[in-house]
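Attaching a single structure in structure tokens format; questions to follow.
Chain IDs A, B, C, D, E, F, G, H, I and J follow the sequence of writing; residue 1 opens each chain.
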Amino acid sequence: MLFHVRMDVKIPHDLPSAEAAEIIAREKTYSHELQRSRKWRHIWRIAGEYANYSIFDVTDNTELHEILSGLPLFKFMDIEVTPLLRHPSAIREDDT
Amino acid sequence: MLFHVRMDVKIPHDLPSAEAAEIIAREKTYSHELQRSRKWRHIWRIAGEYANYSIFDVTDNTELHEILSGLPLFKFMDIEVTPLLRHPSAIREDDT
Amino acid sequence: MLFHVRMDVKIPHDLPSAEAAEIIAREKTYSHELQRSRKWRHIWRIAGEYANYSIFDVTDNTELHEILSGLPLFKFMDIEVTPLLRHPSAIREDDT
Amino acid sequence: MLFHVRMDVKIPHDLPSAEAAEIIAREKTYSHELQRSRKWRHIWRIAGEYANYSIFDVTDNTELHEILSGLPLFKFMDIEVTPLLRHPSAIREDDT
Amino acid sequence: MLFHVRMDVKIPHDLPSAEAAEIIAREKTYSHELQRSRKWRHIWRIAGEYANYSIFDVTDNTELHEILSGLPLFKFMDIEVTPLLRHPSAIREDDT
Amino acid sequence: MLFHVRMDVKIPHDLPSAEAAEIIAREKTYSHELQRSRKWRHIWRIAGEYANYSIFDVTDNTELHEILSGLPLFKFMDIEVTPLLRHPSAIREDDT
Amino acid sequence: MLFHVRMDVKIPHDLPSAEAAEIIAREKTYSHELQRSRKWRHIWRIAGEYANYSIFDVTDNTELHEILSGLPLFKFMDIEVTPLLRHPSAIREDDT
Amino acid sequence: MLFHVRMDVKIPHDLPSAEAAEIIAREKTYSHELQRSRKWRHIWRIAGEYANYSIFDVTDNTELHEILSGLPLFKFMDIEVTPLLRHPSAIREDDT
Amino acid sequence: MLFHVRMDVKIPHDLPSAEAAEIIAREKTYSHELQRSRKWRHIWRIAGEYANYSIFDVTDNTELHEILSGLPLFKFMDIEVTPLLRHPSAIREDDT
Amino acid sequence: MLFHVRMDVKIPHDLPSAEAAEIIAREKTYSHELQRSRKWRHIWRIAGEYANYSIFDVTDNTELHEILSGLPLFKFMDIEVTPLLRHPSAIREDDT
């Protein structure tokens, strides 16, 4: 089941830079694992912003929330979730 | 080059239903052709809304606009475009 | 799987009143059937507005969209969907 | 009498983590008591957000405010209240 | 129990003026009755707008909705309801 | 002359609690005096929020501003003022 | 007593042009009279918009509303009123 | 003197298409003349929208308004004007 | 050439009060000089807010920006500029 | 390929002024280089605001993001990107 997610990252400017770097490194590892498992199906950077649009393919709302709330950057993000489904005009078979 | 597009369709309630049906049928054909050419890479329905999120893969802004302004439903749509690029954490090779 | 849905109804003032009444009657029957099947788990009127908050319990996003887009009043509604899950502090066993 | 409440939690990043943990523990106990008394009738987590939708069943506006302003996390929350009533299409007898 | 209500009136410009006048006359009678019963406790015009702020004193949410949805101008209004209670600094005894 | 005022209080979480308590105590005294003089005619708590709706009866805009800017909590408030007048449908004689 | 007023004019495109012209002519006469009486102290066009910022000098909120609701274009305007007073840094004697 | 202008065109769907085409043709001629006179210095289409960003170089606010309110499509446009000036980091000599 | 300016002042609560007082004193002097030169033509306090509406009469956009960015409080202000011109219904000769 | 970019700068008031000055100096150098390479084609200050409108001419979305995310002030900016293309009414040959 697919979900569209927008994530906006806002790291406080007074967070020590070593702490920020460590969180960002863990974020990357965490994202790689979920992409390899095919649960985090797409991730695109939004031009000019510290933000991304992503597509998740999960079993249900609970699994989606566990993934998102487990993001190392979760407490510094604004997240907006939109449930998706197959569009009646879609022709790809592997996109739902 | 990838673009994220949200389309919200608002057909006036006093448009004759035959006219609406004819436009929607042309819209579907138009979308199929662009999906087959791989320019309209993804299209997903947003749950509960007459709206979609789409991903376009085009040569430049001009081509994107020609495609969008050529949509048979264009005059009944609100369209919002966001330029995308490869995310530094992305692992898929075929997603940019 | 639970979803929170807000529906705002805006019937155009120039819609013939017999046509409006017929749609509203079909809406009521449609809602009753879905409530009896337990898919439309809750529906509450918002005080002072022609609007409701509802909770749906469906298999997936696709089923939710089929239900909502099948509403006789669908074309006269603004609909906003929010995916829900069990809250870690919840104590009821029958509420997810 | 039913009320729909949305709560968004925003804990300042510079709050000592022990202090945050202690407040969150008290919040959970407080919520459990109100759920057991049936005043806090439903609580659902919103997917991807540190937020919930809740339904309260209280005697009047004053009782609702006492409950909400007594939340240990109250000063770190944005709260939005909407008064509800039985929907004319509702069929459940135990939902008002 | 007190509620704060804002009403914004938007009469379509193509509504026949006799029809509009008849609705407005009924609105006035309706409001007078409710004010005399003390359920519509206050009504003030907002300077420069076709709008009012009102305070209602009703038994519960259901009664409030019955009053508001029965307004002859209801279908031409945007209505926003806010539940009120006695303020801890209030000194008047007759204002809750 | 009547004015409708909404006040939202936002006390910074890092303000020492003794300092906050002292300001709040002065606020209460200040409000009591203005209520007794009948200039602060109504004050109601908004359910679930650290906010109030108030009605002021003052000589002119200048007096209103002197009262509001003199509030001990003024620098921690968002304030929104709306000028009111007698509504053509009002029946109370003592409400303008 | 001074008030700042923003007026945005939105004339429906299907209003007969003779009817529109007649209303606009009456609007101009009405404005001239109020400017001559010094109640409508300033009126400026906003560049690029069918809108104006105005300053009114009236006895009270009631007089302001009578003037604004008497505008021939009133039903085609969005109006926003802000009460003003002498600024503590102002040096002009004739501007309050 | 430079101004940044955003224009959004919204032609009512029930405007006869011949009338729309005639207005659009006049708009193009009007724009060409102003571009040739160098008053309308830049015009760019916004991808996916019936809208443009433009830069005008005019003598003053009055000239800008005369140009914009003279647009054949003016009554079907939302226009937003922002005054510009030379940026302290700019290096081009011909861009102010 | 006239410009309408709204200024909202937001002084951080942790700015030392002596520093704030010194800035505010310089702001007042700065404003007095500009008012005496007739460039800052009007300034009015907005009732209930730490904000003002002002009218500036300057040679061009550049001069306006130099004045505004030179305000001692500039870094603690939100500023919104609107270009004005003579209204076609205005009768005063000295107001453009 | 052209992009319209709005940048709003918000430097935290508690950033040491030497640090701020150093970043701003690097920002200027960075901007000069990109303007000389013709990638940053236009930059204009917005009157009254610490903000600019800019036009970039880049190969693709990726290059645009590299430029913007490399801005020394990037972490203190809100940035909004809009893809542009040649307007059908444009007459300049050197403006796309």
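Keep this in mind: contacts are C-beta pairs under 8 Å (C-beta built on N, C-alpha and C of every residue); 3 or more make two chains touch, one makes a residue touch a chain.
All values reported here derive from a predicted model rather than from experimental measurement.
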Note: chains that touch subunit B and subunit D both are A, C
As a multiple of 5 degrees, what angle does the CA superposition of subunit B onto its copy subunit F give?
180
Does F-I or B-J have more contacting C-beta pairs?
B-J
Using mean Cα positions as chain centres, tell me which chain lies farthest from subunit E.
J
I'd like to verify one number: the distance from the centre of subunit B to the centre of subunit C, where each centre is the average of its C-alpha atoms, in whole angstrom.
27
In whole angstrom, the CA-centroid distance of subunit G from subunit I equals 22
Just the number, please: Cα centre separation of subunit D and subunit H in whole Å.
50
Going by residue number, subunit E touches two or more other chains at 2-3, 14, 45, 47, 61, 64-65, 81-86
Interchain contacts, given as pairs of chains that touch:
A-B, A-C, A-D, A-J, B-C, B-H, B-J, C-D, C-E, D-E, D-F, E-F, E-G, F-G, F-I, G-H, G-I, H-I, H-J, I-J
Subunit H contacts subunit I in the complex at 1-3, 60-62, 64-65, 81-86
Can you check the complex and tell me which residues of subunit H touch subunit G?
3, 5, 12, 14-15, 61, 64-65, 68-69, 75-76, 79-81
If we count contacts the way the header does, which residues on subunit G are in touch with subunit H in the complex?
11, 13-14, 45, 47-50
Write out the stretch or stretches of subunit B touching subunit A in their complex.
2, 4, 27-28, 31-32, 35-36, 42-47, 52-53, 55, 82-92, 95-96
